[in-house]
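Should a chain be cited, it is by its letter among A, B, C and D, assigned in written order, with residues numbered from 1 in that chain.
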């Protein structure tokens, strides 16, 4: 297949074979602006903040802390939090602690498949600096080098109460319009990609997983 | 039984670690026949796991097969020494189908080859690993981690022993024994 | 002087003998000089015999008296006399013609021995004598002459099996003729004369045990000569081993002579007519059953030959019994001529091709000319139009029905069906069962083809021509509306002549011919026939436009298609049941041949043909009963059939339902639909299946309504229809092959129509006709779409496709609309049909049928969605990335039909008013219109409003979505950009969920659709084969046994007819 | 003529808004009840609305093709259309919608419209889970249609009409005239079918959020999802209205409508929270056994009623 020259709008997708190139979209993601009318944007942010759909993807040991959220004791439903099994419909990605390189690849893929605005909560200390896995050959040390993080909840492991507090904090941030991680990702797309590719050696997916 | 094994397979270093767990050592070439004998004749039908101990000082890998007999609740730990530098090992995937998963893991983590084992060279946990196998003791994982994954400033780590002494058991003040 | 010599001697029937004997003397003489000149004399003599017979017959037909030849100058009864009347003349001419052609055929063998030429002439002369003589002893002489000459000719080829067969032949015939002589002596003893006419006059003198024995001996020995079952093993061996020319002459010539001899002595045999009929019938039936089992072409022909003679005997006896001797010429003569030409032709073909095993006959798979001849011969033999056998069989069945001989009708029809089974099995072999018209036939192993010169084909070709001519003459005699009825054949022939030109040009010519012909045939129709003419002829033409998408050679396709479409017009035009049946059979034959042209169409086509013939025979039986009951052939008189109306309706309905693939008799349908050419499948489903509906409507109208009685069969028919719908849908769900799936779907959709017709109410009929139109539209679209898909992907398994929406958007949209129209989802056409059907069902009180209708329309969703999902949606295969849209010529008819669907959906009144008007003559209108809304007793249906509302509620969200889309960045993504549980798909094949799509459904209720019907029919085939082998036990190949059988046959005859005591 | 149509459209828009709002409210209400049962507080009442708004406020989306784009449109058109053909409140011109266009039969068949369009849209996404979900959903649909059809036939026999308005009219004049009391067999069959129709447990395998992430709508998101959520509320409420009309005497006022539909809905909810999920083939077999038998009995019952 003859591929048009790499321009601003298309990605190279060098990780794919020629046959696979046509099966994946190679468009470069774009930033989105806030709505031109401030009131609309505020309203939208309010709606987004009160309807946080968490992607049901347990990426580390923190996944176990997410489960009690839905129980009678914590009842995150009150805050409009719900689990969603597909990234297409989710708006919050909770990174549950350490992320191994293998998982990171899946995290990136799922994150990119989520539709903006989307938010990332990094749970525990591991995404911050590696935590107890700081010297592991297989676990990344700084999660925000690979994906933008909107909110950190540290601890090893944070209790669900903290998680609830974090969600409330995230809602505040969203309402204030300060959660622009998705846009930052696009803005520094090349930097993030370079970092990602530095650790993920078998890059057999398109550069952006639409 | 152990005597018979000694006689027929030249098993050495028989050690009863605790009741119901005995370790023994066998030569590389006799491993497969020994394990087959144990599985088919002696009732050690379960392969608990297989793993490797890296004796970098002696230049050997000790491969450990843990077999279990459900009838008399006895476990045998079979040790096989192989050379550390590229010597390959007999595959037992035809005895237990799950063995090839272990062998794949050992290949990835230690670089030990098991000729004939299926899907041996596929990535297991590490996708796209481009260094020496990470579980070999000569691999400096901290250095690798800092080079590859970076290091966030401001991190302080404590020596656990010191930390516990100071914070958790201040009264015992360092007197060991 | 010279001229009187010619007219008196040479052109006198006696000249036949003069020529034969004279040539007999001359041949050895000339042979000394030159073999070629002897052959010349031989042919001159034969030609002379033909000419004499022909000229004399012509004279008699033109009114001359029959010629009596008196030998020795003394009037009978004191001398031997010969007679040359109308019947004799016909037989003699036929036999001599056949002999001439046979001589031409086996010339290479004959010219090796001068004596063979001589013997051949003697044999023909013997047969002539058997036909013409009026003297019993003289008859014996001629029989003996013929026998001996035949025996000698059989022995011409000196191989072991031939000699053994010949020996058995001479033993058997000697035993038989001995009895004949005995019988003759006894008769002479009692009557004192040998002249047959005299004996008949003094028949009362033949009495007592001696008379009984005498007549029985004469009769039985003649019958034995006809090789009745089971005393016919010797005959079969001869047929199998003798030279094909000789065998053909035995089969048609000698048999004709003997048959005529029986005819001559029959006046003496009044009391034996039942036995004769029984012998004939049993022989016909059993020979054809055993024929099923044959793998050897010649032996198969032998069985067929014996069977046909059985049929002739049966017909003769029954006609005399029913005192319908005025029809003898038409029925027996027709059957005889038909048998003679067709069977001789087949023997000659068998001789030319020279392959004994049936499966080796694929040697002519690539020889269209030979295949054509073979096909025509077989069609003629089975009694398909327009050949003489068709008319004769029709007449025979009618007469039998009139006489109340229903059992014999069954025998005749079952036997014919069996005969068709093995003959067309043979044809299938010849056609080559693995025939690939997609163009990659080069990879197949083509078996070595038979090499046949034109000269060798000449006798067969002449026989074919004669069949056509005589068929036409008989049609004239039957008062058939010619040439209208023959137009399909003429058109087919004309197109066949130009079959050599390029594909699209041929198609264009075909369209023009069918268009003109169809218009000419149907422009003066009215009422429901006119409605169907739009559908069948107009619709057929519309769908046929699509055939131009292929530009390859397609030998035979276009002529046959023209025949098919025009035969539909003939069907519509039919005023009498005979014309209807003529059109019906023509349609059956042409559509069968068209199916065989498909990729692997030969085997399914055979199934199709057999079921179609069975259907045709049910229809024939029904018409016959109606004729017997009402005394009229007019279709409009069907209703005057009195008490038997229920039975007639049932028979006809069974026939039509088989043709539509009703529940239980549907097994031909998927195969035929799937394996026919893709564009032809569209025609088959969209158009040809409507012929069955037309038939049903016809009988429902003429029988059900006119008779004005509540018909119970209609309730059964209603259930059959709905079960067809349900099981058709269920079976469609589990198909992997796209064409099979839509074929089953077609079957299911026709089921609703059957139910609608069975309702016998105005609303029911309107719904049925409405659904008929709708079915034409959506099935035409679907099959044409599929043709496009198959053309592009070269694939029929749905799981091997996927994602084609991106390559074939138009095809997708058309298919989708067709499927919505099929499913009954408002606002498209399907809803109206379902709504009316449901209303009519509720009105009638058929509640459970209504529930089934509901269920089956829900099940239909499963396969409809699957079609769209697995073919157009989902993951596209890598190799399909570059596919193009289907050709425009395929899309054009679809587009027209889509437009029709849309218009009818919005304004169903455009369609409903004419439908209602067409039904009005039978059932008064019950449709109540209030504005645009149709009202029934239960509900109402305002189609334009529904269309408007649906359009509105569809457009508003779309506009909103479009507006919302403006605020978003929407990225068009590719097929692998899916959420795949955080992984990525690796190949389209393992990401496309398509194979065994409804596995869970299969687990739940799949047990309902295990192929029970197929198993049943397989068991039936198995059973008939077992029967055939058990009936074959008599044939052990031992001459002594055969002779013993003949003796036992006499004993059996004696016992059967009451023994000596009577 | 035009004024009449504008009036109709205006009235229908009003009905649509009320029914949708009611559907959304009821979704939340039921959620809260379930939460209470589990000892939680549960979602706020406006949560479904917020979710829909949130999805409308998404700023990015992907499209797999034109059929994918149109899928949600078909879906909601199916919901709106179905409502359009049902008279919501008996005797009210305002709430009679476009029920003069067709009868009960039209409504039943039009229900398929949205499902088919949606199925096609989901199919074009290319996701195998979508196809699996649809295959299961359609199979289950064929099964629960059987008792439902039988029940419908039964009441058509009973009331001798297919017009929903007339069926409701025949049930007026006191609770003892309701179909549920006059023809309880048909009602029972229909309510069993209703369980399958709502897609709650035990018949929710085709959504199966764990095994095949939420089935057919796997790939739908953003505004597409909003449409589908809206439709879920609307279509759910519409089905309730239909059942209320057919079996529970219809409604003469909004309050009656709400109480009755809520009670009908509670049937599905109570059964849904009490029973585990059927596998799809089990569900199909279930519907072909007892409910179908009851349906057949209901027809016999209706015929007996007529003759007696």
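Remarks
Quick note on the criterion: contacts are C-beta pairs under 8 Å (C-beta built on N, C-alpha and C of every residue); 3 or more make two chains touch, one makes a residue touch a chain.
The structure presented is a predicted model; accordingly, all values stated were derived computationally and were not measured.
Closest chain to the protein centre (all Cα atoms averaged), using per-chain Cα means: C. Counting C-beta pairs in contact across A-C and across A-D shows that the higher total falls to A-D.
Mean C-alpha position of chain A lies 72 Å from that of chain C.
The mean-CA centres of chain B and chain D are about 60 angstrom from one another, to the nearest whole unit.
Averaged Cα coordinates give chain B a centre that lies 79 Å from the centre of chain C. Distance from the chain A centre to the chain D centre is 36 Å, each centre being the mean of its Cα atoms. Residues of chain C in contact with at least two other chains: 967, 969, 971-973, 975-977, 979. Among all residues of chain A, those that touch two or more other chains are 25, 29, 32, 86, 88, 210. Under the contact definition stated at the top, the residues of chain D that touch 2 or more other chains are 58-62, 213, 218-219, 222. Shown here, the protein chains touch in an arrangement that is not a line, ring, star or fully connected set.
Inter-chain contacts, as defined above, occur between A-B, A-C, A-D, C-D. Against chain B, the residues of chain A that register as touching in their complex are 100-102, 105, 128-130, 134-142, 145, 198-203. Those residues of chain B lying in contact with chain A across their complex are 123, 125-131, 134, 139, 141-142, 144-146, 148-152, 154-155, 157.
Note for the complex: chain A touches chain C at residues 19-20, 22-25, 27, 29-30, 32, 35, 57, 86-88, 106-107, 109-110, 113, 204-205, 209-210. Put simply, chain C touches chain D in their complex at residues 803, 805-806, 809, 812, 816, 820, 823-826, 831, 834-835, 838-839, 842, 847-848, 850-851, 854-855, 858-859, 861-862, 865-866, 868-870, 872-875, 933, 937-942, 945-946, 949-950, 952-954, 956-958, 961, 964-965, 967-973, 975-981, 991-994, 997-998, 1000-1001, 1003-1005. Looking at the complex, you find that chain C touches chain A at residues 878, 881, 967, 969, 971-977, 979, 982-985, 988.
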